[in-house]
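The following pair of complexes shares a single chain, subunit A, combined with subunit B in the former and subunit C in the latter.
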Partner chain A sequence: MSERRTPAAATAARPPATDDGEAGTRRDRAGSTGPGRRSRPRLRPGWFQDYGVYAAIVLVLVVALVTTPGFVSLGGLRTQLIQVVPVLVVSLGMALVIGTEGIDLSVGSVMAVSAAVLPLYLGYGAVGGLLAVVVVGVVTGSVAGSLVAFVRVQPIVATLALLVGLRGLATVVGGGRQTQIINPTVLQLGRGEVLGVPYVVVVAAVLVVVVALVVQRTTFGRQLVAIGGNRTASRLAGLPVRRVLVTVYVVSGVLAAVAGLLATARLGASTPNTLGELLELSAITAVVIGGTPLSGGRVRVLGTVAGALLVQLITALLISNDLSYATAQMVQAGIIVAAVWIQLGRRRAS
Partner chain B sequence: MSSTGSTTAGRRAAPPHRGEEPGSRGEPGEPVLEVRGVVKEFPGARALDDVDFTLRRGEVHALVGENGAGKSTLIKVLTGVHRADEGEVRYRGERVRFTKPSEAQDAGISTIYQEVNLVGLQSVARNVFLGREPRTRLGLVDFRRMNRDAGALLADLGVPVDPTRPLRTLGLGTQQMVALARAVSTDAQVLVMDEPTSSLEPREVEVLFATMDRLHASGVAIVYVSHRMDELYRVCDRVTVMRDGRVVHTGELAGLERLELVRLMLGRSVDARTERSRDDGQTSSDEAPVLEVDGLRSGTSVRDVTFSVAPGEVVGLGGLLGAGRTETVKAVAGALPVDDGQVRVRGSRLRPGRPAGSLRAGVAMLAEDRKTEGIVPGLSVRENIVLAALPRLSPGGLVSRARQDAVVETFVRRLRIKVSSPEQPVSELSGGNQQKVLLARWLATHPTVLLLDEPTRGIDVGAKAEVQGLVDELAAEGLGVVLISSELDELVRGADRVVVLREGAVAGELTGALVREDELMSVIAGAADRDGARACAGAPDGPAGGGTSTGPTTSRTTGGAR
Partner chain C sequence: MSAATTTATAGTGTRRGRTAGRFAEVAQRRGSVVVLVLVVVVASVVFDDFASLRNAENIAVQSSFLAVIALGMTFVIITGGIDLSVGSVFALGGVVTAWASQYGTLAALGVPLALCGGIGLVNGLLVTRVRMAPFIVTLASLLFARGLLLALSDGGQTTYLVPDGTALTVLGRGSVLGLPWPVVVVVGLYALGALVLQRTGYGQTVLAVGGGEDASRLMGLAVDRTKLLAYTSSGLLAGFAGTMSTARSGAGVTIVGVGLELTAISAVVIGGTLLTGGAGSTGGTLAGVVLLGVIANIINQVGSLDSSYQLVVNGAFLVAVVVVQTLLARRQSP
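Our next item is the complex of A and B:
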């Protein structure tokens, strides 16, 4: 088959092949004598692609410091952290799914179902509500994962169906109206704090650490990345491809459901009609800006956190400067394009 | 049409109309398509080097050569996909320069590809007339006429199908016929067929050949690309052999011995005998086989394959491209579904179609395509090496760097993988080192059987020797190895026995002193002469099947040869 590839594709596909032996040994020699010489020319573009998002956050903060008094203050930043929590938690699951070369559009609707189900089970106490929320995540995630792994529906189609269907389900379950939350534990979760840090932020931080460890330190995490990087090779290497895929969507579902719980707790009311609308897009934005390529094979958890924060900060900064939310949206579009463009640069470089 | 006159006894069944009235398409024998001194360069490679090629009116011209010989490039130059850098293409006496495939098609050069290149969801009739639909006076597609014409056309080709059916509901063979009908309906003068039978059932092949005979009779010139010797001798008049971008032979096919043809393709002379460097040992005879493959059938490429491998034995799989070697090892490794037959590892039967299961049972396969089936590009050398062994190295599902590092260090040292650090991205390595990384991946799973599919393809000479040496070492340690290589000397040098496949079935087996390039070549060619017979005669004495009764392997040879 390689014979009939176009020349451009052939060379693009295997850059080292043309100068196989020579370059290989030269490279290796350079590597063994001192890695510095070889890596220096690659440092600049690579650095920007990997850490550009953090630099952008610093830049935004500096701009805010100069232009918007009061924005960069303890209270101000605290507000931003609280507001970013739902998107952030959803983005963590999204990063895993994208790492497998998939996508999960259902997350916003899962949040809504979670919010709709929560008040129904708070009669069993806060623990009952939490369990119900987790079950929502597991069930919706299993459906999405099974469609992708076993029925082999494309992820975007499978989760698009769930996006629509679950939004409807949320409206049905929630009776189409807002429900006040009166359970004190849930309200405490939404409004309380420990050592000045809001509970929701603590929960989000714990989840970030757990997901980061899962990706880096568990077989599941490494297999997930390998499957995203080369599915055929992973299958041939005996990896449980379908099991990993289903699990990934379950994790994403549970994280979305938990995000629904946190958002509801913060609001003090269950609003299944509107909760999580378009949130899947914000999550995808955060993941992409954070340096996880949509083509899979790589998951950057901290980058995703930074991506979510960056979008949040920029939006907030624009709004506090009396620009409309519509303007913020347009700026967000610019950021997405810029992030993807920088990603493309990475692929060209490597 | 002097060629047909010289048809020698029974080499091919003469088509009914051969040599009769050529119809209105001009004199037979005069060149319809000529290529003179064509050069085509791709970055880093000269795909065509001063190629001359002449296609005569009303002939079936075989174009053969191993992978990378330049056949596909030549076809693409003929059909307007590529443009030649130098030289000229003359079509019907005039110099032409097609800039895109549709121009060649409009001029009467049609191509039928290996895989059907049509729109599966649309009707047969639409596919036949795609882009040239008959119109009504209002400029709308005239479906009635289109269906009627398509139906007539297909019936004329001997394939009566309902032209309104969606194409994909038809069998592959019939789809291929629709592609052919499309080519015919464009009033093609020249038909290029690129391995048209590779995905067809034997019965479908017959239909295709019958249709080709009709076209041939009406004066259409056909360029026929195939790796199947029997087909070539059956349908082709003349042959052009390509190797390394050059034409090494052009002439009548009938007078050319099969052995000679294979020799031309592979570029070796029969005298070149490389003796095996390993001892003609008594490696295999006593011990129970680690791998037994019995009557394996998988899709259209593996029809009936039986062989076994003893511990410490290297069994070569020989044969031309498309003989089913890769598919055989893939089926054994669980990467392809198995339709019939069974695979046993250390006596216990494998569940087919499950790579993970095969791996657990001790079967590891180094796949042919390093890029798409081996390397995980985003990961480091370390992670690529431990990929398959990850569960074993990770107690409780938690990754243990210490265990990984131990394994990685062992293999980096043993296989002499050149890396600046195990954390280096694998995509930065040279081809040879990537191959070693993959070899390390499989060895880290402690396999009992190692399937190596073209392990030295595309790697430099030094790495090649190292990999070959390593295979010897591994076998000496008791591993059963199956080695696929298109390079005869590699097979002869590395293997204790060579099982030759032809068209998905075992065509013969060479053992002991008969593992020589000349013998191998004659079995690959399927020569019905004494060479082949001698090669086969040696086999029954050999330790075929490691003592178990998989005997038919050898007797099948003679069946194929006569």
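Our next item is the complex of A and C:
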């Protein structure tokens, strides 16, 4: 259960400001009663927002089982797992950023820059390429984070500007072309597998576990959620607000850059012109569907994983039923609106 | 044309504070015009082909579609919102225009307006009635409009052509008194926009809502209706820009408009409209649009530069302007 929330998000009445920042670091298990909350005999309010995504996945799988033969099979699901990896990895960073009441719209372009830079440094071997990718993530993330934390630009504006600029940069660096990847290690990362599980899925799984542990078990995770719950209170309580914010955007940048590496390795080619376009939207959808509210103060890592899977399954199911990609896009638009609507219900109920 | 701003004047402080405040306000409002003049002067000196009537017309026509989109965006941003769907709606408007042009000019003008206005209306309803965050609503409709567009054109396979000799072609390629129609339309729309923003109750409400939504609500202003109208007109204008583009090119091109929302936002912000809402001007937006058009033109003149540099410049400009705005705003209200 990778969940953490501040009392600000969990309780009806906001506790006094100073209490809030302090309590943000306290553990608050799902299903337990938060401080100052009466226990109710009925289902805990908000259970649908929290666990609806798992029910939806089961529902989609059942529908697929009935309507689309061959979809729910080991091979079929394996394909879905591989395809969801880039969105999933990006969503992990996005979940952290949204947890701080921010947003990172630059992730798709960061993926593209990472894909553009990768072939340039593969001359120094796979390690050189990996280092270059990580540096791309760190640099772009620090720029976004500094704009948000120090200049105090709204996150949506700062990352929007980066979205524009970095896409251009990716095209310039990549020369507007697609570049074949010939480095055997990178190709192996994209196509190889261990015990029948593709490497990319293994990498994604490791990242999920690491991020979940960071959110749940580290001081940084607690500070992040506290800042999202109430930034002023967190600052007054002495939390290193700016440092945490910059770190969160750097983490998001690095994860996006790694997602760019994974997608490129999988494709066997670097396509900086198009890679990651509109991916920020899929990532935000996954995070919101998974039960992390856009208002911050709460991060659900497993929910995010489920959210990414759900969007992937629905899209794939539509396409394998001969509906066009266009229809799938329109359906995804509907899903986003519905998901945000459902998550809004939480705030209103409280 | 660009006098409408409610930025708090720092008039209460010392003389030095007042001067600084006034400087900040001028930089905010007229900065885009100053930069535009500088860029034009430098470009005229450096490039032989830049300062010609022909090139000026070229820039004006190229910028006209963005100008129409940015006008709607200005109103939305002043209310404190954002409309990320305009790029897709623009492309959708263009394709629908080309498709409907087989049923006559009236259909070619009316159908895209109805459809794109409808999308804007839904955006507005979701923002005002359901209280969703504008960026997520309009991101969703970005996706929706793009999907609808692909569905209409069989995944981009079918390109609808505008029949020759219709009145629509005149809108795109004709000229009146030596001025191309797209430019005339833009001038007309911006005059109207400036009038609405500065001289009507609606315009004042737009500024008030952006300045303080709760306060406006308590004052009894029709906050929801104001925002609804802003999003609807943004959809309408984006669709109409699509119609203009199709009228010019003669075909409904499906791949246009990707990322156009970001260029539009850049233009609006460079023009001095605060992304936090509450202050801005249509004249500034027009200067921002022309500035971006001139920069694109210069990048073309250099020749050796990839056109993707345009995006880099846009992004850098956007960051610079936003940082300056944020710092100025902080100085004004310490």
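Here is the rule we go by: the second predicted complex is superposed on the first by the 306 of 350 C-alpha atoms of A that agree within 3 Å, B and C clash if a C-alpha of one lies under 4 Å from a C-alpha of the other, contacts with A are read in each partner's own complex, and residues count from 1 in each chain.
Everything that follows uses one rule, which is that a residue touches a chain if its C-beta (ideal position, glycine included) is under 8 Å from a C-beta of that chain, and two chains touch if they have at least 3 such contacts.
What you see is a predicted model, and the numbers here were worked out from it, not measured in a lab.
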{"item": "Touched partner set for A:Ser73, first subunit B, second subunit C, both or neither", "value": "neither"}
{"item": "Touching partner for A:Gly165 - first (subunit B), second (subunit C), both, neither", "value": "second"}
{"item": "First, second, both or neither for A:Pro240, with subunit B first and subunit C second", "value": "first"}
{"item": "Which of subunit B and subunit C A:Gln188 touches, first, second, both or neither", "value": "neither"}
{"item": "Which of subunit B and subunit C A:Gln223 touches, first, second, both or neither", "value": "first"}
{"item": "Partner chain(s) touched by A:Arg298 [first = subunit B, second = subunit C, both, neither]", "value": "first"}
{"item": "Partner chain in contact with A:Asn321 - subunit B first, subunit C second, else both or neither", "value": "neither"}
{"item": "First, second, both or neither for A:Gln180, with subunit B first and subunit C second", "value": "neither"}
{"item": "In the complex with subunit A, residue positions of subunit B that touch it", "value": "42-44, 67-68, 71-73, 76, 333, 335, 355-356, 358-360, 365, 367, 371-379, 383, 387-388, 390-391, 394, 397-399, 418-421, 424-425, 427-433, 441, 445, 458-463"}
{"item": "In the complex with subunit B, residue positions of subunit A that touch it", "value": "3-4, 7, 10-11, 13-14, 16-18, 20-21, 23-25, 27-28, 30-32, 35, 38, 216-223, 225-226, 228-230, 232-240, 297-298, 350"}
{"item": "Contact footprint of subunit A on subunit C as seen in their complex", "value": "82, 126, 130-133, 135-137, 139-144, 146-151, 155, 258-259, 262-263, 265-266, 269, 275-276, 306, 308-316, 318-319, 322-323, 326-327, 330"}
{"item": "Footprint of subunit C on subunit A - complex, ascending", "value": "103, 147, 151-154, 156-158, 160-169, 171-172, 175-176, 277-278, 281, 284, 288, 294, 324-330, 332-334, 336-337, 340-341, 344"}
